[in-house]
Structure formats: C-alpha cells, structure tokens
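Okay, so chain A shows up in both of these, paired with chain B first and chain C after.
This part shows the complex of A and B:
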C-alpha cells in the first residue's frame, strides 16, 4: 500500500494516486452512495462502526456544503471525492485522508469558519460538524485552477485529541 | 466540459453583478432566515434550536432535546447530545454515531433520567408544600 505521508494536517494532498475516487454531479440523490462508500472503505482501514459513522457524517456535510453553497444548488456541478489511507509504517493504516474537490467559485478559505455552538446564527453548522468529527479539516483554493475549492479532511484511528475522548473513540 | 465550466463562470459573474440588488432590496423582500426551534421540521432550525437551548441553559427543554436523540439525522443527534452534556454534564453513554440498538439503550437511559428528575422535582414540590402547611399550623 502506498504511503499517504503525514503532511495532510496542513491540507497537503498525498503525493500518490488516490486509492478510491468518486466523481459525482452536485445532486443530493448521490450523497448517500458517496458517503456509504467512504464509510465502507473506512471500515476496511480499521475504523470501528462508530467512527465510520462519523466519517460518513463529515463527508455528507461537506458534500451538502458544496451543493448548497458552492454550486448554489445547481445540479450540473462536478464533485470529486478521493480517499487515501494514512500510513505510518504499521501493518494497518493509521487513518484516512478524504479530499473533496469542486469547480465552484473560489472563496477565501479563511472565511470558512465553523461557528462555536454559543454563536447561534444560521450558517457554518456543517463546518462545525466536520471539525468536531474529524482529526483535521482544511479548506484551500485549488491550485492552478481558476475555479474550485478543495477540502482536505483526515481522521486518525488512534485519535488522542480531547474531542475524540469526548466521543469515546 | 469546457462549455459547462464557462457556463458556471458566467453564472458566477452574473451573481457578482447582481449582488448589490438583493442588498438594496433586502428590507423589502428578503428570504426568511432560519429560526432557532428544536421542534421545527427543518434540520438547520432544529440544530440552531439545540444550540440556543444550550446557550441559554434552558433545562426545561431537556425532554424535547432527549426526543431528538432518536433523530434519523446524525448531525441533529450530535447537537442533541452535545446540548444535554452541556446542561447536565452527562452523556449516559450515548454516542450519536453508534449502532441503532446501542443508541436505543442509551435513549432509554435518558428517558429514565428525565422521569427520575421529574419525580424528584415533584417530591421536592410536595415537601415544600408540606413544610408550608406545617408552618401554617
């Protein structure tokens, strides 16, 4: 299995070909297929059922955000979901890296912020969920492209962070 | 593909050109903003409602929050247990991403927790009524 490296925390896409690629149109009817496939791959990487559910939730929220905010619900946008294992030299992957690309209008990544739960206002709840569920979440403009944003999310199987402890992972 | 990309670029440009118009007419004709309401059928409004319950530490709403632990939407379940944890300091072993049967057991524990809290509150009410009665004698 190719190494996905350890540089994904800062949003760098692994330097090897993805192990799984899904290309879908920006239509809600394809969400369940995409998230179920990522959850199934997560299971094979060694995540427990509960964490597979969390990864599936993060992917679902990310794709919903692309459809709603990126493509403004236009049904003909293209979305790519790519998956890599994160290898750290062990027999099994140490985690998963999920990269979601689109061709929607680019926005300043620094303005994409998840709200704190105390900041009760519409918008940003999906990003809050992603940050809550995954080990790292990073937005960036797709380099070398006029259009399109990239979301890089990782989750480690042995996540020792405070939020992981709260989840009982 | 190139044509579709061009169409999207044109739509984006058109949106940018039209941006000042909604800003000018916002007062006259704006789309309704989602309301914070735990009983709403709109997921975003339920999530906002849960956040508001937690923010206001509204313990009266705990039974309504417990109902949402059974939501089919994992995002809503996450907000619900986060709110209950904030209000009570407990999760009672509930995991919003756990298998359905495991969640059902934890929801039962929450239902019992609410029932016990209500009965103890009623007991306190009865005690205080009794004390008041004694004092009046």
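This part shows the complex of A and C:
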C-alpha cells in the first residue's frame, strides 16, 4: 500500500496517487453518495462507526461550503474529493487524509473560520464542525491556478489525546 | 426526503423521513414555517425516521426555534437517532433545544 506519510497536518498533499477519487458536480443531490463512499472507505481503514460518521459529516460540510459559497449554488462547478490512508508502518492505516479541490473563486484562507457557538443563529457551523471532528483542517489557494481552493483534512484513528491537548484539558 | 405536517389538538407534529442535507433542507424549512403558522402552543419535530442530518438541516431547526421563541410556541425535538444527536452535541445545540426521547414525552415536556 502506498504511504501518505505524516506530512499532511500542514496541508501537504501526499506525494502518491490517491487511493480513491470522486469527481462530482456542485449539486447537493450528490452529497449522499460522496459521504457514503467516504464512510465506507473510513471503515475499511479501521475507524469505528462513530468516527466514520464524523469523517463523512466533515466531508459533507466541506462540499456544502463549496456548493454554497464557492460556486454560489451554480450547478455546473466541478469538485474533486481524493482519499489516502495515512501509513505509519503498521499493519493498518493510522488515519485518513481527504483532499477537496474546486475551481471556484479564491479567497484568503485566513478568513475561513467557524463562528462563535454562543452566537446561536442559522448557518455558519460547517467550518466549526470540520475542525471539531477532524485531527487537522487546512485551507489554501490551489497553487499554479488562477481559480480554486484546496482543503486538506486528516483524521488519525486515535486522535483523542491530541484533541484533549488542543482543547487544553 | 418526505415531510409530513399533522395538526393535532393543541399541537403540530412535523415528521421528516430520510437524510436531511443541503439537497432537501429547504423542504424541511418550508414545513416548519407552515407548522408555525397560527402560533400553535407546541410544535413537535419527530426525528425518528431521520438517520442523518448536516448543518443545513440544523440551520432550519435553529430558524424554527427563533420563530417559536418570538411567538411563544414551545418547540420540542424527539426520537433523535445517535448520528443526528452527534451533530447537535458537536455544535452544543443539545443545550439550546428541548430534546426528548419519544412522542409521549414530547407532548408534555
């Protein structure tokens, strides 16, 4: 099995071909297929059912953001979802790396933030959810392109201690 | 996803069936707005047949809660499946909504 390595926490895309690639149009009707496939692959990588649900939720939220904000609900934009196992030399993967590319207008990645949860109002939860359920989430402009954003997300199978450290507990 | 809206004596039951995501959240939003018309004393959202919900679906429920508060309607969510409860917990909305186990409890909560 090809190794995705450990370098994905800073947004680096693994240097080997993805194990799974999904290309879809920016239409909400394809969300269920994308999240079902990602959940099934996560299960094969060794995640428990709860984490499979959380990973597919993060991918769903990311795709929703591209459809709503990136393509402004235009139905003919293209989105690519690529998946790799994260290998650390063990028999089973240590985690999953998901990269989502689009051809929408580029924005400053530093302004992509989740909202304050104390501000209870409809919308604005997607980025917060992604950061909460994944081990790392990194937005960037696609290099060498005039258009398009890239999102690199990873989740380690045993990331509870890392989460606890991040939350200062 | 299908949504039924049933008016009973003193309350309204909104019962979506299927995944609630960006593809159908507007249908749920419309049904919830319809349920709120006439300022009923109580609106119960029966989530027993909703296996999955993303933040688009959650947003429609937050909007319904805001409408309910303005018109003094009691909004209750019931029979939430684990996957759906998970997103409410992640967003810490389980502390904001009234969430109960079943319809019986929802009619008195």
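Just so we're on the same page, the second predicted complex is superposed on the first by the 154 of 169 C-alpha atoms of A that agree within 3 Å, B and C clash if a C-alpha of one lies under 4 Å from a C-alpha of the other, contacts with A are read in each partner's own complex, and residues count from 1 in each chain.
Keep in mind that, in the parts below, contacts are C-beta pairs under 8 Å (C-beta built on N, C-alpha and C of every residue); 3 or more make two chains touch, one makes a residue touch a chain.
Here the structure is a predicted model, which is why all the values come from computation and not from measurement.
Asks: Counting only touches as set out at the top, which of chain B and chain C does A:132 meet: first, second, both, neither?
Replies: In the superposition, A:132 touches chain B and chain C alike.
Asks: Quick check on the superposed pair: does A:146 touch chain B, chain C, both, or neither? Answer first, second, both or neither.
Replies: first
Asks: Would you check which partner chain A:91 touches, where first means chain B only, second means chain C only, and both and neither mean what they say?
Replies: Touch status of A:91: no partner.
Asks: Give the label of whichever partner, chain B or chain C, reaches more residues of chain A.
Replies: B
Asks: Could you look at A:108 and tell me whether it touches chain B, chain C, both or neither (first, second, both, neither)?
Replies: neither
Asks: Once the shared chain is lined up, is A:17 touching chain B (first), chain C (second), both, or neither of them?
Replies: A:17: touches no partner chain.
Asks: Counting only touches as set out at the top, which of chain B and chain C does A:57 meet: first, second, both, neither?
Replies: After superposition on chain A, A:57 lies in contact with both partners, chain B and chain C.
Asks: Overlap of the chain B and chain C footprints on chain A, residue-wise?
Replies: 50, 53-54, 57, 61, 117, 120-122, 125-126, 129, 132-133
Asks: Within the complex, which stretch of chain A touches chain C?
Replies: So the residues of chain A touching chain C come out as 28-29, 31-32, 35, 50, 53-54, 57, 60-61, 64, 67-68, 117, 120-123, 125-126, 128-129, 132-133.
Asks: Using the touch definition from the top, list the residues of chain A that touch chain B in their complex.
Replies: So the residues of chain A touching chain B come out as 49-54, 56-57, 61, 71-72, 74, 76-78, 103-105, 117-118, 120-122, 125-126, 129, 132-133, 146-147, 166-168.
Asks: Quick one: which bits of chain C touch chain A in the complex? Just the residue numbers, please.
Replies: These residues of chain C touch chain A: 19, 21-24, 52, 54-56, 58-60, 62-63, 66, 83, 86-87, 90-93, 96.
Asks: Quick check: in the complex, which residue numbers of chain B touch chain A?
Replies: Those in contact with chain A are residues 4-5, 8-9, 11-12, 15, 33-34, 36, 44, 47-48, 51-52, 54-55, 74-75, 78-79, 82, 85-86, 95, 97-99.
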